[in-house]
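Chain nomenclature is as follows: A, B, C, D, E and F, assigned in order of appearance, with residue numbering initiated at 1 for each chain independently.
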């Protein structure tokens, strides 16, 4: 198993040196789930009442958060990301909403963290907008789905 | 069931008016879990190798993120939080780390989102610092544990 | 005419001292207009095509920008604003959209700048989202409509 | 007329994918006007009293805001801008100040929004610094003057 | 000697709990020095050439940085500061500029860090604006001059 | 001696145009000192009591601040820095801690300011975390140690 790359020889945290890495197209997809009461999901999805706005606001929040990743995660490099998109998949049978983000860059390091931050922030925004009616919502299964580009190459989550 | 408070009568998003709410001591506790390979947990916990730094960095990240909550979550009010603390509880049996945050304020609105943002960002920071050795880590069970203060009073998560 | 309050006796910029001002409920309303081609307005308003989303995104951007006011305007105090709301009024006859914001606080200084920043940023967001089809859009009439609260009392724009 | 590029096929907002665009030199010029009482303009311009500082502060605010564009405008890409400059042209006959910004980059997407954000924020800063003596100031004619670089090529505002 | 207040019993960093502290008027003054070549000082002070702008820009930077203190210093509380002012005192005999800041608040905790951040950032801004002609500038003697308010009461630096 | 590059012909501040500069590997090293009472240094270094955490938190703060440089220093360009590392060297004989940072980039302009901001913020963080026991700490000798890359080439501080 490799060394943890964010620590130098003496275990001190640092921002990994990517100066010598190649600029390539890199892509990452992350996903997560927010579970809630069936009534809450109904209120979110019922366009008559809330006009689908919870998910619109969550999407904007997720996209904006992806851009703040290096401001939130201490050892992340600031990156000129070239694309972010987010999908929301309501699953009535499980009374949850599945959130997926895709982030792209032409850069020296990957965008896994940007994709994960987008998913987490979108989920937290859904929590915030619905907490008056359902404080028991739970965010789960936040993970990297796949990544491509860069020296370490392709990654695909196993059970997905 | 109440109306979603972040939407006005026509379903348009707004930042809820808390001008008339009372200033009281409000407290929120949130928690979450990040699961990983046993080897990854071992590397984090093994002070010989990494000197416990992953959790130190994650703690700082969580505390700093709590202060950015209103910058991340669109409808959150900017708040002068008066306290943040974070606990990390490694659970070898489950090969995961449990993260808990507590946030306090004397203000007109609660700090649930601040506590949840702290937990999520700490978990994401652990992911970032260890992703070179374990891309399959998963963040789960991010939820509000309890809150107190304010008109809506005490909340305690059920299955906790 | 009073002295410019952001300058001290020698004309040096400073952040005005509001330590001795009273905490009162303060409110400000600002408005502005973004003019565009009739086709552009049609595309924004046509829910079949764009689902009203341009205005949803602009609203979120305006609310979030209000919270960043003291980060943008050098001499503005950081403030715990308690309410922001935004209205969009499409005026087909004039081929423009009128934007209005209302901001409230219980604090030591007013929220005029927060209301103006919200309107400006919402207008700029509309420009950004539609510039692929209409680079000639123009933002105008950005002004304070009224304010209340504080020592200087009520203000109401004349020609409004 | 083209599709609004910030929306995907189903009208959902996204950050446009510019991964395949070429890196070229791109430039944008924007302008705007802030109108005020003649006395206010006199106070700003009279170096004996305020030493030209209102415009100095506004210039710094505009330059700093250009760098925050992707943090303010939800669908804007984070960009390593290579140049910002601002000009202020007081027009006594019209009792207003004309503000102009120029922004440059070598990148995959244009800097129109950066130029517009710089002008708007400079105008808002002038408002903030003078509002103690003139709450009736109005910001108008905020628009893109010209842009160059990129696939869509040259743009020049018509009536300018 | 007291315990380091930013660490709990087990030495873990936390944001100190100030929920039970009283709201009082608190004030802090900090200062620092930036030393440079006599020619550099001459260029800064010579209004014919640079119109005093280096110090104007540094002043704006210092004031804006004071507002970002809780975003920079991990364990600082976010605070609604009510006043910031900055003074620059060029000392030709020592070929340096002395920088002083004063910050005020009515709050539960002091503003020492805000005053120190303002001084440091103003000094760094002077460095940045003059580094093309003098890379050897040195920032020194950054310290708290005095503070008042709060339980710990008055503090006055000894050798000042 | 050269002109101050942040001012145009009439002495107005601007962000220097680096559009035509070459992308090269650029590196900067900065350092600084924070002096304190021997007891304070002892408390920081005594792992039994504080587990080395003051320096861990200061390191994270310094790295995160380097990424905020263009947000703090008005005329700095936003940069995709590729590496930051920080070293702390406690000097018991002088009762101080020496702080050193190294920043790297492949870009059109240097990273001197990023290195200086990292050092300053780490020093301020040490002050913040220890100020309960030692308000008299002083930050000194903050300077550029060396830089390489770019047209102006190598720089090495003389008395170091």
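A few remarks follow.
Note that in this section contacts are C-beta pairs under 8 Å (C-beta built on N, C-alpha and C of every residue); 3 or more make two chains touch, one makes a residue touch a chain.
This structure is a prediction, so every number in the text was calculated from the model and none was measured.
Averaged C-alpha coordinates put the centre of subunit A at 31 Å from the centre of subunit F. Each of the following residues of subunit A touches two or more other chains: 12-13, 51, 53, 56-57, 60-61, 64, 68, 71, 74-75, 78-80.
Arrangement of the chains shown, judged by which pairs touch: an irregular graph that fits none of the line, ring, star or complete shapes.
Inter-chain contacts occur between A-B, A-C, A-D, A-F, B-C, B-E, B-F, C-D, C-E, D-E, D-F, E-F. Within the complex, the subunit E residues that touch subunit D are 51-53, 56-57, 60-61, 64.
Against subunit C, in their complex, subunit B makes its touches with residues 8, 12-19, 21, 70-71, 74-75, 77-80, 107-108. Those residues of subunit D that touch subunit F in the shared complex are 25, 56, 59-60, 63-64, 67-68, 78-86, 104-106. Considering their complex, residues 1-7, 11-13, 32, 39, 43, 49-51, 53-54, 56-57, 60-61, 64-65, 68, 71-76, 112-113, 116-117, 120-121, 123-125, 127-133, 135-144, 147, 155, 157-158 of subunit A touch subunit B.
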